[in-house]
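Two complexes follow with subunit A in common, the first pairing it with subunit B and the second with subunit C.
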Partner chain A sequence: MVLRVTCLGVACCLLFGVNAFPDEPVLPDVLVTRQLAARAHLAVGDVVAFTTDQGGAPATRFRVAGIYEPTPDPMRFTAQRMEARMHLPDLTRMTMDSTDPASAESVDAINLRLVDPAAAQAFQLDVRTRVPGITAYPTARSPDRDPFAVLDRFHVAISIVTVLGGTAFLLALMIIRAEERREIIGLLRLVGISRRSLLAAVLLEGLFIAAIGAVFGIVLALAGQGIVNRIFQARYDTALVFVRVTPSIALRSIVFAVPLGVAAGLAASWTVLGRDVLSLFRR
Partner chain B sequence: MTSFALAWRTATCYRARSALATAGVAIIGALLFDMLLLSRGLVDSFADLLNTSGFDVRVVAHEGLPVLRGPIHGGGRLAADLRLLPEVEDVTLVRIEDAVIPGPADDLKNVTVIGTTEQGPRSAWTLLQGADLPRSGTTPDRCPLIVTRHLADVRGLDPGATLNIRIAVPGTASALPQIACRVVGIADFAFATANEYAVATTMSALEAADTTRGPDEADLVLVRSRSSAGGSAAARAIVRVRPDLHAYSNEEVVSQFNQNGFAYFRQVSVVLSSVTLVFAFLLVGTLLTVATNQRLGEIAALRALGISRFRIAAMLLWESALLVGAGGLLALPLGGVLAWRLDRLLRQMPGLPERLHFFVFNSSAIVEHMVLLAATAIVAACYPIWLAARLPIAETLRREVIG
Partner chain C sequence: MTHAVVEAQGVSRVFPMPAGAVTALRNVSLHVDRGDYVAITGPSGCGKSTLLHLIGCVDSPSSGSISFENRDVATLRESERSRIRLTRIGFVFQRFFLLPMLTAAENIELPQAEAGVPATERRQRTRELLEYVDLADRAGHLPSQLSGGEMQRVAIARALANRPALLVADEPTGELDDTTGNHVADLFDRVHADGTAILVVTHNSALAARASRRLAMKSGSLMP
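This part shows the complex of A and B:
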């Protein structure tokens, strides 16, 4: 079986051959992704062969030391993660060009942890000045270069539109409800209950209903997140979490929904409370 | 009085309620319309971008797009061979290099240099100022350049200005000497991102500037098929001649991107369209049910006057249709404005070609929008119709009088 695999340590595209020689002596270790193991029917202890040559030779043998779940990458969630991880010297030995001694020391990228992370930009400039041809990039994206910051704004915009639509419907429902209670409100006014007391009652009732509605919405979202995640994780064979209801999102929903619900209830009730008592009885 | 007239009277009698419900449907409908546009917008826009480039087959060294950097050796010979194919009308070699515009360390500009052998009018860029790249052999310029408007603005470049560039050698701690290029024109590049610094020059100029790569090497070969053959047939013919290369027609490129690159937005649009429809159904259904419950006495009176069950059901269906229909119609212009705003927002995403759009108008989206809303109106009216149809007339009227 031959597969195209990305070998990590130094990123490169390799052809992959599987040969089962379990009794082979000491071989270098390699880790393969869960997806690759499933596709190539690999298990821990199997012997596999890698080569950079499209023709298939010469291949270097490795022993599968483990199977791992690749770190989910939202930028590549549709990609099949056919990847293997090996020690850098093993990969360098495999990819080096015998006619170029420098190739034994070639790498594609070097990861650094700075003593002072705030000095990333100064370090970047320093590298540019001292080593032409090498570029340093901070791993943290600035907000203007982060696609997920844009997606976040997009989702906020969508949720605002949804809330606006929901508010219009809510107002319509509240108006129907207020109309239904028109005569009861008229009776209460006739027995001497003030507008202010009735308004306070409507406010409390609205607060109660809006709070219950918001909690129900969050429970629904919590139930929905599991379903959505399972569907998409199965669809793309990834451990990436697509939907997560965090406490801050839940809080934001409540902060938006409760005042809106209360305001809609008050506005609708005012159409009845603001009228003359006799007009409530159609007199 | 017809069912429609009865429904119209109800809608106009409860004006505030009807207006709010219509506004709600319009907003939710606008969102639905936008999601339908989003489901195909990016793919349509990308296909349009490819098709307007004037070439319908892309030949690369490695499998899978958009990997362009696998070098294709002997580009000149390959171009000559491909031109002999009956399916092929024209061939252009493209080479892409990274370069820097020298300056102080904190003001170095990374720039993408595109070298092309294309001789005719170039559709990969739209000339804004100056002249196009000269035909090879017709100019004494060593390095004529077309620069993007963005770079011209930042550097204050006009046609005739000199721009020094230095080709970067990837993975090597060395530098090639900088070369002085002359800006011949300023253009908008079709595939350039909004903030990208890109320049285009002739293939011969780029080969002379970058001595680290072999001569006659290309990263990408663009092929224009004959209209009688089409892109797919030309791609198959190219692979027959050069099985070591990979040729993709525009349709195949779009299909690959549709499968991989655009999956997120397709899924978002499917999920949001479904949620929006369910939302609209629940809201319209609830509204109609509550309104019907409030008017049970009125409906019973109409039945007592001799109006049939069928006409009452038709009236409720018309009420639903009026709410959803008016809201759905309002949703189209509202959705257009919302799509424009959302498109502007999403196009701030880094690394996207400036001409790519997420929301692209297409008539089939309107048809789908109307069909989905009509279905929502019918389904939402089912429960209120059922309530009204099984209403006991005498008992309801007595309850109404006693109440």
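This part shows the complex of A and C:
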């Protein structure tokens, strides 16, 4: 069985996926992803062989010490995560050029974590100035180059259109409802119930309906979130969370929905409350 | 200062219509004193209801003046007229106009609540009124569970809820059979006897006959 895997950026080949060497004395440990373990039918304790040679030799044997869930990466959620993690000396030994003793000492890239992430640009310039030939760049994407920033803006645009459309729809419904209650409102005003009292009642009703609607929407989003995540996680075999309704999103929904609902209710009611009493009885 | 609850002087009401203005009332003068019982009769379309709306502070005259308890209605804001309708005038309609989602007791309590009557006081007053109209056992019933006569009695109780000076009724027996209509007329007699002024517009000659004053209308004018 031969599978191509990515191993800390080095292309390797997994040669053996079974406990083919039970009497092997002490083998270096390797961790394999859940996906790789499933594909190669590996279990903890199995002995596997890795090589960088497409032909399959020479291979280095490892013992599977654990199976891990790879960190979800939204930029690579469609990729099959056939990955393994091993100790750096083992990796170096496996990848070194036997004809070049210095190759074990060569370093292609170093990842650095800065104490102050905001200093990345300054650090990048500093490295370039001090060591010409070394390329330094921040791994964090700037907002203008971040594809998710574009996606975010797209989502904001969709949500604005949805909110405006929803408000118009709600307003139309409220106007129809106000028209249906025209005679009752006329009666109430006729017997002396003031516009202010009726507006207060409408305000309370609108507040109640909008709050219930917002809560219903949040519950629906939470339920939808679970369904969408399960479908896409199964589809792409990933633990990536595709949809998440955060408290902040829920709060924003209420902050938008309740005033808009109340305003729509008041605007619709005013089409009836603004008329003179007798006109409310005329058809 | 007069003893009139309401007084209309030279009142006219013209409705502008696309096909031309319609004059519903022409130079009508009328007064209803405290404890008065006035019936207005006349053919359909003669302006009875229009006059009732003006007297009830629902509408404003095109010309002439109306004073309610010595206050010129034309000078009052809508909120002040609304307050007068709430506390000083009781309305009874041909079609009852009870709120369908409220029980009989709640329909009677509503104007009291709007007038700011404390809860215990208005519950007591509602009980009294339900007994007054002989519907104490129907307090928790919705209008849909009441007969026409019972609905009209609840409507009369609602009209009396805030102890008005004037009860205004527009064809109160129009949707009732003779027997039930007579019961409602009996109830009006009791209300009148208890000191509330009544102005009723009706086609029912038996009801009109019970009034202390009967006025006839024709083509927007009161007949001499």
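Everything that follows uses one rule, which is that the second predicted complex is superposed on the first by the 262 of 283 C-alpha atoms of A that agree within 3 Å, B and C clash if a C-alpha of one lies under 4 Å from a C-alpha of the other, contacts with A are read in each partner's own complex, and residues count from 1 in each chain.
As a working rule, contacts are C-beta pairs under 8 Å (C-beta built on N, C-alpha and C of every residue); 3 or more make two chains touch, one makes a residue touch a chain.
Just so we're clear, the structure is a prediction, and the values are computed from it rather than from any experiment.
Enquirer: With everything superposed onto subunit A, say whether subunit B and subunit C fit together or clash.
Expert: Aligned through their shared chain, the two binders fit side by side on subunit A.
Enquirer: Touching A:R145, do we find subunit B (first), subunit C (second), both, or neither?
Expert: first
Enquirer: Now for A:I134: first (subunit B), second (subunit C), both, or neither, which partner does it touch?
Expert: Touch status of A:I134: first partner only.
Enquirer: For A:R63, is the partner it touches subunit B (first), subunit C (second), both, or none of the two (neither)?
Expert: neither
Enquirer: Given the touch rule stated above, what does A:R81 touch, subunit B (first), subunit C (second), both, or neither?
Expert: A:R81: touches no partner chain.
Enquirer: On subunit A, which partner's contacts cover more residues, subunit B's or subunit C's?
Expert: Comparing subunit B with subunit C, the partner touching more subunit A residues is B.
Enquirer: Just checking: does A:S197 make contact with subunit B only, subunit C only, both, or neither of them? Give me first, second, both or neither.
Expert: Touch status of A:S197: second partner only.
Enquirer: Scan A:L278 for contacts with subunit B and subunit C and give back first, second, both or neither.
Expert: second
Enquirer: I'd like to know which partner A:R189 touches here: subunit B for first, subunit C for second, both or neither.
Expert: second
Enquirer: Upon superposition of the two complexes, what minimum C-alpha distance (Å) separates subunit B from subunit C?
Expert: When the complexes share the chain A frame, the smallest subunit B-subunit C C-alpha distance is 8 Å.
Enquirer: Which of the residues in subunit A come into contact with subunit C in the complex?
Expert: So the residues of subunit A touching subunit C come out as 183-184, 187-197, 276-278.
Enquirer: Under the definition above, what is the set of subunit B residues touching subunit A in their complex?
Expert: The contact residues of subunit B facing subunit A are 16-17, 20-21, 23-25, 27-28, 30-31, 62-63, 105-106, 108, 110, 168-175, 259-261, 263-264, 267, 271-272, 276, 279, 283, 286-287, 290-291, 294, 338, 341-342, 345-346, 348-351.
Enquirer: Can you list the subunit A residues touching subunit B in their complex?
Expert: 4, 13, 77-79, 106, 108, 125, 128-129, 131-135, 144-147, 150-151, 153-154, 157-158, 161-162, 164-169, 171-173, 175-177, 179-180, 228, 232, 236, 271
Enquirer: Where on subunit C does subunit A make contact in their complex?
Expert: 53, 58-59, 78-79, 82-87, 89, 91, 97, 99, 110-111, 114-115, 158-159
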